[in-house]
Amino acid sequence: MLRQYLRVRDDTLALAASLSAEDQCVQSMPDASPTKWHLAHTTWFFETMLLRPFSPHYQVFNDQYHYLFNSYYESLGSRHPRPQRGLLTRPSADEVIEYRRYVDAAMQELIEHARGDAWPQLKPLLLLGLNHEQQHQELLLTDILHLLSCNPLLPAYRSGSDKDSLSPASISAAHGLTWLSHPGGTVGIGCAGTGDDDDFAFDNETPRHNVLLSPYRLADRLLTCGEYAEFILDGGYRQAGLWLSDGWATVQAQGWKAPAYWMAPDEVVAGIEGWEIFGLDGVRPLDPWAPVTNISFYEAAAYAEWAQARLPNEFEWEAAAGDPRMAQVTGHAWQWTRSSYDPYPGFRSAPGAVGEYNGKFMVGQLVLRGSSFATPPGHTRVTYRNFFPPNARWQFSGLRLARDNI
Amino acid sequence: MLRQYLRVRDDTLALAASLSAEDQCVQSMPDASPTKWHLAHTTWFFETMLLRPFSPHYQVFNDQYHYLFNSYYESLGSRHPRPQRGLLTRPSADEVIEYRRYVDAAMQELIEHARGDAWPQLKPLLLLGLNHEQQHQELLLTDILHLLSCNPLLPAYRSGSDKDSLSPASISAAHGLTWLSHPGGTVGIGCAGTGDDDDFAFDNETPRHNVLLSPYRLADRLLTCGEYAEFILDGGYRQAGLWLSDGWATVQAQGWKAPAYWMAPDEVVAGIEGWEIFGLDGVRPLDPWAPVTNISFYEAAAYAEWAQARLPNEFEWEAAAGDPRMAQVTGHAWQWTRSSYDPYPGFRSAPGAVGEYNGKFMVGQLVLRGSSFATPPGHTRVTYRNFFPPNARWQFSGLRLARDNI
Amino acid sequence: MLRQYLRVRDDTLALAASLSAEDQCVQSMPDASPTKWHLAHTTWFFETMLLRPFSPHYQVFNDQYHYLFNSYYESLGSRHPRPQRGLLTRPSADEVIEYRRYVDAAMQELIEHARGDAWPQLKPLLLLGLNHEQQHQELLLTDILHLLSCNPLLPAYRSGSDKDSLSPASISAAHGLTWLSHPGGTVGIGCAGTGDDDDFAFDNETPRHNVLLSPYRLADRLLTCGEYAEFILDGGYRQAGLWLSDGWATVQAQGWKAPAYWMAPDEVVAGIEGWEIFGLDGVRPLDPWAPVTNISFYEAAAYAEWAQARLPNEFEWEAAAGDPRMAQVTGHAWQWTRSSYDPYPGFRSAPGAVGEYNGKFMVGQLVLRGSSFATPPGHTRVTYRNFFPPNARWQFSGLRLARDNI
Amino acid sequence: MLRQYLRVRDDTLALAASLSAEDQCVQSMPDASPTKWHLAHTTWFFETMLLRPFSPHYQVFNDQYHYLFNSYYESLGSRHPRPQRGLLTRPSADEVIEYRRYVDAAMQELIEHARGDAWPQLKPLLLLGLNHEQQHQELLLTDILHLLSCNPLLPAYRSGSDKDSLSPASISAAHGLTWLSHPGGTVGIGCAGTGDDDDFAFDNETPRHNVLLSPYRLADRLLTCGEYAEFILDGGYRQAGLWLSDGWATVQAQGWKAPAYWMAPDEVVAGIEGWEIFGLDGVRPLDPWAPVTNISFYEAAAYAEWAQARLPNEFEWEAAAGDPRMAQVTGHAWQWTRSSYDPYPGFRSAPGAVGEYNGKFMVGQLVLRGSSFATPPGHTRVTYRNFFPPNARWQFSGLRLARDNI
């Protein structure tokens, strides 16, 4: 467990390594947090959920950090307003690193010397903390990309030899779309519990329960940028009839004409020629075989309507996820589903602060399944439920098409 | 059919009869429309969906009304902005009545002389138009109540002998809450189609399909104002832990301390003494045995949390609706469910303008079931799906509690 | 005095006579008030400032009207929020007429039977009330024009034989612009006091004081629509360099391309062909010799910059107003000056509520001089200081050019 | 001149020296700019106004900086939006220092080798650039103070031995307020021109002209914090009658209860006990003999009303500024006047980009006179016209009372 702890913690630091203190400090919109805040908040999580209750001699690093780095836990008191996280030029990036080291040392002590009878309480919280930190690793990347995109210089997050790992990988150009049939029927959905390490899960994946599905078909791969570009070139962003009402209102209010970070050529010509996409590797020509990312649910649903298909619901996705013919299930792009983020039957939040982790967000959002190229390896599951509001575009969110099987 | 048509149309006029031309003209918020607009828009619906396509010699009453009274049909062209409906002092209330008479005469002609082979096309649209008008009859009441509530004089919509029919009826004080058990299992949900008159349904209730339910319990009656008042007096509006995150943000931003239209006494004393509620009959003392209405989904969910219960999902509600022990199923208050307004498996919108009726709103809203004291008699069904955003409070929306059966 | 009182009061009613109760009720923007509100507020002014303090036996018409129809007098208690004046469908238009009659009867009694020793106190307040009502007569017209302009039907405020009186009169096409020289030097500005009826003045015109002016020149007539159209056709609304910084920001935020109520032809051709203007008489072709109206200070200043001229300051305007060669001094269009609305040296507000009439608005506004075609005859003076924020366009505001005399 | 150039440029760097790269990057509100942006923009000014036109072989440091660091010069093309200046984590603080060095070297070259016939053109622009940079030196301080005040840790801008220089100095406790009488009459105001170095002035101080003043009295010193505290303790922020209408609306909308950066004690006791003020030196107890700063024009005017006095207009201030009995004329706090920022008679903006420096802001602002403890020594004059909107509080703005002499 200690090795796992140290590895996850190091991974976070590695993601911040290419950024200056300035890059790490600024917040570009209320939804996105500064890198430094991610580094501190994940540390605060271990301090608050583990060290304070379980380490009797632990001395808090700095009392004021409890106010500064609490994200949204109402039961833990008031906190620094989310839209103002970028105003915290102090503590400095260096002080936050020091805070991490201090907490890591205490956590090492706790993990190594935990009494056997404390372990059943400790372990789920430790696993929660590590999974929490992994979620922030991905957010760190989506958030810094948004910040850098606001800079007219369009600086790359990372450049040089490591480049390839931070763009979504292309699928083979020969991979035409195949529809995989699923017979439907009663399928088991979700996890029995959040319990032990072999099958850690968030509480929103529980309890496991049966769902009845009609027969359906699912695309064997993700939608590509090339396919999405056809929708744009066919005037998809100008046809109200393709859009949900709220989606159309958003298109008009925001002036959307393409996914986030897509840059049209100065003079539009036929096809995708001249289109570029800004990503963690900087500005690159649109790759027609890469999965489309950074689209909202509204755009995903409008595309599906245009393609005379639909989005799968989250149960259809989960039931088919084990099919060996399904490509790009995880590790490429989060996949919007046509499922609102509602609680599973029998779901109850845990008591205390950790109960605020997921349950209180179960309204007004949509479920995404799978994981993206920016998700830490090993962090996802077929039962994993990611969720964002329908207008969110700064995540690496794409889509996989579905159809009724009739 | 003609009798039915004329009755529905007359009912709408009767609802406007007690209002002055001024009352009918003003719009108090973007969500609510003026009475006059309701009178005109429902007429426009018949003119546009029936007379224009099916009455070859029909002369449009006024070309500009097509722009003024289109609500949200993108496929029918641009329209007067929703938040500006109250600026239309012209056409006058009298001119709108004249418009209604003109269209009614043409509709009478159409219905009486429709050729037999046209009827299969006409009839569903006629039924849709009548159900559409009934929906607006209820909206007319909720909207005028909101307008009158903005006037410091707090004028009653209607006074005198008819009073009783426009307040939610109390349940007997002896009616304690009983939990009705349901075994769960596979249940049939929704309607097969929108087809013929014996079973008119909106498209959002289709297709009929099976759903698997866990065992559950449902309250045999609605939540009362007296019960809800206990939640207030216990500090329910001050305890973040009871609320969904968006709900808590709304409570704080809006300063909510009670349902809409509830008026606290100048000096709060123990219990419900001194509390009053503004309604269509004017200001009245809080009736502890009347069903609570005019609460948002957020409040319904917070109350349920406080009561260690939950809201039913819409399938649980529908499956139990036929139980003869269930009181107040319809005709008292709409009942918030814990179901987001998602499409049923296999749902497809109809082609053309009528396809915009329901489908494009299927995101960001919650389902309500049943009907209220303000719903026209005969307008609802156990499969009926009403829907509003989670913060909406100007509808006659209440709740029925549910629990897991474990 | 009584005759004067009754005439002014009747004039107000006459202005409302062509409007329906609906027209009189609605508010189209926070700056503009409904006709009915003007009718009631001016009545409230007499009730509050004269009848309550000076008529011992006067019974208030309706206690709640004190809250509803107080405009902005903080010392008289809280009041109905300005942006919600249009929500008052009650009291009805008829009830407001009744309120006027009731107060008029009491005022008649007061004026006829006022004791001689009370008259010195009464008379200035009576004059203030009448001048106040005359101001609202003009506002009634500017406000109803704004409301009607929001209706896609573009209904005329008044039609038929009286038409001509409600459009700004044209000047002779032969009237080229002549620059009138003024030697400058010490000039007397303003009024000595607000005292007796021969020289009623508002407090903001006092005290009279001397101002030192440099030599300057003033246009002998107002700017015409034809001249302003040249500015538009030369791209005036697209050249940042002509505009004050706040003005340019407003042009871009509001998308201004012409004065308020100007309607460009569908296809722009050379010159003013096809341009129309919506006014109290409805839509009419642009008259090149009519004074331009409904422009903001920003537009007036930008035009002057484009014309290599400037706006006069209010002292230059006042010093030249008596020159018999100056045409269109009053009765055509209010004339923006390059003077911020600051207090005159030695200005003190009166004690009590009437002290709130003018003084507290002396920041952030610009002075306009003269009067418009919609100003009641006899209401203005050469010392009269009208004032509006620099972005206001719904008044009948135009300009007269000035130049340094060098 | 070169020595002067280098000294001013070094002074700017010295002000940034105590700040981390993070501190220098963040923007806390649209009105305030990041330190790094100030460092770059002042450099851009020299590059754009001097090096580009006058140094034939000058190579621009970075083409994109022209877009990033143009503040508001419309004639120089589009620019990075003001509210997004804090999103520029690149160029880094180090790169901006490099930019400064590069431009400084080129400027040194230009100054040393300027041909004699170029000097008459160069010199005024050089002086303008230096005065411009000095203005930004003060803004750098007011802006960083605002940023630090948004941090719950309330870090000091600078600590240690230099402290005293960055708080407003107290006046002797024995210095009671004396009213200095001025006879009024014709006084000369402003500067003849912006010309040569003995009397550099901004264009808004020109042309010199005569103004006629009534007799008046002026306080011989600034208002103190102790005096202002009495206004607060007397309920000044709760009495509508003391405030201009816009001021009262602002008090209510913003919840103002004291000047910016004043911190009330947890429990309010009589007098100033327990009050603290956050400043560049961190949190310090309120010093009753220090001049009040960080108040808006609205607050200054309300205080004056409460004190049965008034604010001086800018001409009264200027005419009395030379009186040897006037204390704290400059170097303590900017002094709000009762003068709107209007152009002087005969004022004309210079042609070209430098003409945008002052003239286009002459509406909606108020004039402040004097200078503050944060103004660079030598930067002000008795004719100097500073200006800010009436609600601005983040400047070191205070007041000096005036009264009519009657």
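Which chain is which? They are A, B, C and D, in the order written, and residues in each are numbered from 1.
In this text, a residue touches a chain if its C-beta (ideal position, glycine included) is under 8 Å from a C-beta of that chain, and two chains touch if they have at least 3 such contacts.
Being a predicted model, the structure only gives us computed values, none of them experimental.
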Kindly point out which of C-D, A-B or B-C repeats the A-D interface, defined as over half of the contact pairs being the same residue numbers. B-C
Using C-alpha centres only, name the chain that sits farthest from subunit B. D
Any idea how many Å lie between the Cα centroids of subunit A and subunit C? 58
Subunit C-subunit D separation of Cα centroids, rounded to whole Å: 37
Name the touching chain pairs, would you? A-B, A-D, B-C, C-D
Listed in rising order, the residues of subunit A that touch subunit D in the complex are 20-26, 28, 64, 67-68, 80, 84, 86-93, 147-148, 150-153, 155
Residue set of subunit B touching subunit A in the complex reads 72, 74-75, 186, 209-214, 240-241, 243-248, 297-298, 301, 313, 338-343, 345-346, 356, 360-364, 366, 390, 404, 406
